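For reference, the structures are reproduced in the following blocks.
After this come two complexes, each holding chain A, first together with chain B and then together with chain C.
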Partner chain A sequence: MAAVGSREVKHSTKPAAQRRIDLNGYLFVLPFLVFYALFLIWPVILGMRMSFFNWSLVGTGAREFLGLTNFRELFADPDFWSSLWHSILFTLLVVPTIVVFALGLALLANRAIPARWFFRISFFAPYLLPSSVIALIWIWMYQPGFGLINSYLTRIGLPEVSWLTDPQVAMISVVIATVWWQLGFSFVLYLAGLQEIPKELYDAAAVDGASPLIRTRYITIPLLRRTTILVVALALLANLNVFDQIYIMSTSGGLDYASTRSLIVYVYEQGFTLYRVGYAAAMTYVFFVLVLAVSIGSFVLNNRRRDV
Partner chain B sequence: MVVEAKAPETTREAGMQRRDRFQSWLAFGVLIVAAILWLIPLLWAVNTALKPEPETTTVPITWIPEGGFTLESFWQVLTAGGLVRWYFNSALTSSIITAAVLLLGSLAAFGLSRVPFRGRTVVFWVIIAGLIVPPQILIVPLFMEMDALGFVDTYQGIILPQIASPLAVFIFKQFFDGIPAELEEAAVVDGASRLRVYWQVWMPLARPAIAAVGIFTFVLSWNNFLWPFVVVTNTDMMTIPVGLATVQSSYGLRYADIMASAVLGGLPLVIVFLFFQRQIVQGIASTGLKG
Partner chain C sequence: MSGRNETSRRRLAQPISRRRFLYGAATALGGLAVTGCGAVSIGGTGRSVDFWNLFGGGDGARLGAMESTFRKDNPDIQLESTTLAWGAPYYTKLSMSAVGGRPPEVAILHQTHLASYAPAGLLEPLDPQLLSEFDIGPDNFLPTILESSKYEGEIYTIPLDTHPFIQYYNTDICKKAGLLGPDDELKPLEGPDAVIEALKKAKEVTGALGLSFYAADSAGPWRLFYTLYGQLEGSPIISPDTREVTVDEEKSLQALEFMVALSQDAEVVPVDLDYGGSVAEFLSGNAGFHWNGDWEVTTYQDADLPFSMVPFPNVFGENHISQADRHTFVIPKQPTKDPRAMEPAFQFISSMLKNSLVWAKGGHIPAYLPVAESEEYRKLSPQSNYVGVADNVVLDPEAWFSGSGSTMEQRASATFQTAMAGRLTPKQAFAELRTMLQEFVDTPKPV
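Up next, the complex of A and B:
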């Protein structure tokens, strides 16, 4: 981003020529800006307007201006708070797990090891699958009796677990499926980060007699800080907005709804099942403020790191 | 440290090498176990899809069915279900979205990077601001907009909101900014020739950026669930991810059929990955390094 504005307009350019350049420039950005304005900026504004109305998806004209009533209602709505908490809890469980496992596996795979391509494909393949495939596979894995996991649990003498329907376990089940799905992406990012570390650093440390563990702790992990910040930021933003797995596993697999319903699932429920689009819009904007705080936080962290 | 300081260099190095080799094998062992754990759900899904339906729910489970493996479920879902139609819908919408994102993104980035028009810094920041808006928060107003336009249950409805990608502009602009300015001197003032310079000089140069943006846009739009799910209700208009979310309720407890649908639904992108493995991995890596 450093290059923005660094190439200044030449002051010697004649006004007429500059006007032609301006026209040219805007013609290049115009096609993008048209779609951008229609399908990104406009819905942002429309949603903001809707959040101040009693606006229903069904019927016409019944749009009553409410002021801040929607917001007041949602702050008093226990389902809003519980679904917000589920989104946050889900993120807090998924992100650290992904970081630890992706880093650990990448460190192992970065050694001189045969068949590295095999590990890359194994860990990365699930990331390419659509969320509904993830949901279908894990609904199947989690079945009682003939489900793979429970079948092996009983075989080794452990009791079965109601992975999908037990409110104590349901969230963990979604987290396991999600980590399995997304880990490969962070794994590849870490592998790339590891390639960037100059070999000479290790050679120097090895001459000084530092063991691989010491080298990992004091050379590799500190030098991977930028990659870690990126992995964390991307995983945070991807998972705070969770909808797909939770929704599909609830509707198709009987996943316990009350203990897993995320905020976006609640927005969908209010907007498209109960047709309360004004209320749903108000909810997304409160949530947006939270997501924004997280993005700005990770952006600041990322930039501060770069100055060092 | 077991090795004493007085030990001859050669012994000490040999010891370290031995230890390194041992640790490498240990690392290899741990990775093999992890990779097997990672592959089991995929193998189990394929295995289930290849079983005769009655044998999918035997207790205890078996990996090798008594009646032998069969392709019946694959045949069943390809002929009876909506899968073929969903493939077509996904391929069509993802291709159009990818082409449009590449074209509009590179045009805008070229203008911002190579045409010194007044106000371009402002335009750039307005576009970049779009990066902070998660698409999930727009579903409600976007649906109202599409409804007003009459685009619910249409291809336009699926495609249009996915075309304006600030990330594509950002990646292309970074790429164009990185190319030395001498090439620009060839650019002449009038509009037609600028467009020609964009198309004949810059786009061929931008092949790596086109590959990265193209592959990612295609994968993300192919796998996009929430928006097509919101804007489409008619089974014939569903994309693969949306359609698959309905098979459990339409097939009931026929797990071989459900897994056959899941395997077939996931297959195209896995095949794409096997072909473009290096580009995809490099694409992710370069996003990471430039982040």
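Up next, the complex of A and C:
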């Protein structure tokens, strides 16, 4: 006689009604599906087609079939490999830094009970700024002579650093700006994760004589495993595609292009500045395979650790 | 009386249901949308000109003044001027707008980009008859300048100016350094040693920089190199049919060695200044000399800096040859086929050219002969100091990958900057330059 019983009846003896419910569902989803197909699925297919032709941004060359020439060219192109390496290096530098700092700051902020809201706002605020604003702020801070960082360095007697133009330092400069920008998001995730750890575990460990360090290492960090996996996965995917900061700092700030150009920046240069969208598309699909592998890897990892 | 109060109070006390609120909001928004339609139709006869340009800073202010004059003289034409960021993104946007069928009626194009736009069919050919009707016909420009506006015999661009790479100098600092002649003009500097000597003396006076120059930039090092290479009368770096790299090695090395000497041996110029930084350093009196295009004159005049401008010194050669580009007006491929539809655009271009004395005050050398040959222009100082340079300029080679803001310039500048920073020898830098040019020449043409 319960509602559950009557719903089961609907399932088995009134298929027409169920089909109508299904139809309503699809109609609700249809507007989004149309946009999705038009702006995500169709361009992916079109891009795949472009990569086999000498497709130009101005529309010429769409009939010039090149087969695998674009792909052969990109595998032999030293700029492609160096750009790919820059994207990977950038990710390898940014992701661990964000994880470590976000966790550390979250642990600290977790203790500041009365002022926790203040730290939440201060660390999260940069994340709300658009990438172009971040790039411009840091360009000014990195300037030689009158830039904020260099003026402090010289004030304490250290030599100036050419943050943007020195190829040894340029990548690190972009990494620092990016970490400052994206830290807030992971910080908030960790802070939320910390709230969920039951206090009793800490109390029990303290009773057993565990020092704060041991408590952090054996209770906090393992219980944050899911958050860590989430943070790492999000940061990986976001930073493999790095474009904004490097592009803006190169064009508007004198960032050393040769040591920082990421793959997406190179794709943009080939496709939009040099009009070779066919070649750019080929590079994008090769990169897509790589990013897909990373996503699948993180997905598998996440699912296997479901025991937590 | 009390009844009415009670009723109204009851109505106020009743909460608005969600449905009524949404209904009301939708109606309000619909009303707003409809008023939007009305405004467009009331707006006038429909003669409008969309104008895209890349003139920011001092140039932007001058452009604004010229546009106001046009608007005052032509109240029946609606002018919409959009300033986009200088560089490669501007050219991407312009070409995509032409391909996408929604181009502006008029746009600015650097002369050096004609070779990538005209073959792709992105520009409307211009009828000389129609141009003459608006006083901007072929006879108003020098033959050499007119020739470069053509592609396969058709005119595609209407030149506005030539803007060469020139030398600014701070008159106070140079006076203290003993570099001024009896007429308080800079003594001519002939030869690489004289130039370096002068820069060193300026550095002694300022204690900071001898020369303020933007080596950390995608265009600066290219302009300097190309000027020096032009002064050495090096062969064209690419063959006219863009199939071969014909850059002269020995002359390139001479040019590169001079650039390296400036930063490494004489240490009169830093290698990590970007464009904004270099302007700031000259503006604040930290440098005696500044090498840049002619467009910053307004910036320095507005700051009451004691300065003057002269053609780029004869480091090599005798004719003050320097790198330059030209700003031109173009009409991107329009979706409508009616030639009369371009008339408001011609009216606009004509007005701009006739007012290009204002533009010349911003530093550029006007291409429109009635202005270039006028008394007022000849009297403009310090602009009149470098008028003659327009006859001796070298422009980027005509190719789909070259031009102001192109990847070729950007890559070459990166190589030259690395050489100036001492991390590459001139020979290595030249090898990189030649490899880069060869790659471009070998790439299948996308236009």
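Quick note on the criterion: the second predicted complex is superposed on the first by the 276 of 308 C-alpha atoms of A that agree within 3 Å, B and C clash if a C-alpha of one lies under 4 Å from a C-alpha of the other, contacts with A are read in each partner's own complex, and residues count from 1 in each chain.
Definition applied: contacts are C-beta pairs under 8 Å (C-beta built on N, C-alpha and C of every residue); 3 or more make two chains touch, one makes a residue touch a chain.
Given the structure is predicted, the values throughout are model-derived calculations rather than measurements.
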{"item": "Touched partner set for A:Thr165, first chain B, second chain C, both or neither", "value": "second"}
{"item": "Which of chain B and chain C A:Phe272 touches, first, second, both or neither", "value": "both"}
{"item": "Chain B versus chain C as contact partner of A:Asn54, first or second or both or neither", "value": "second"}
{"item": "Which of chain B and chain C A:Arg226 touches, first, second, both or neither", "value": "first"}
{"item": "First (chain B), second (chain C), both or neither touched by A:Gly145", "value": "both"}
{"item": "Which superposed partner A:Pro15 touches (first chain B, second chain C, both, neither)", "value": "neither"}
{"item": "Which superposed partner A:Gly253 touches (first chain B, second chain C, both, neither)", "value": "both"}
{"item": "Partner touching more residues of chain A, whether chain B or chain C", "value": "B"}
{"item": "Interface residues of chain A shared between complexes with chain B and chain C", "value": "57, 145-146, 251, 253, 272"}
{"item": "Touching residues on chain A, where the partner in the complex is chain C", "value": "54, 56-61, 143-146, 162, 164-167, 251, 253-254, 256-258, 269, 272-276"}
{"item": "Residue ranges of chain C in contact with chain A within the complex", "value": "87-89, 91-92, 95-96, 98-99, 116, 120, 122, 216-218, 270-275, 277, 280-281, 400-401, 406-407, 410, 414, 417-418, 421, 423, 443-444, 446-447"}
{"item": "Parts of chain A lying in touch with chain B, wherever the complex brings them together", "value": "1, 3-5, 7-10, 17-18, 20-29, 31-33, 35-36, 38-44, 46-47, 50, 57, 105, 108-109, 111-114, 117-126, 128-133, 135-141, 145-146, 148, 151, 154-155, 180, 183, 185, 188-189, 191-193, 195-196, 206, 209, 211-212, 226-227, 230, 237, 241, 243-244, 248, 251-253, 264, 267-268, 271-272, 277, 280-281, 284-285, 287-288, 291-292, 295, 302"}
{"item": "Sites on chain B touched by chain A in the complex", "value": "1, 16, 19-20, 23-24, 27-28, 30-31, 34-35, 38-42, 44-45, 48, 56-61, 103-105, 107-108, 110-113, 115-121, 123-125, 127-128, 130, 132-134, 136-145, 160-161, 163-164, 166, 169, 174, 177, 181, 189-191, 194, 198, 219, 222-223, 225-226, 230, 240-242, 244-245, 247-249, 255, 258-259, 261-262, 265-266, 269-270, 272-274, 277, 281, 284-285, 288-289, 291"}
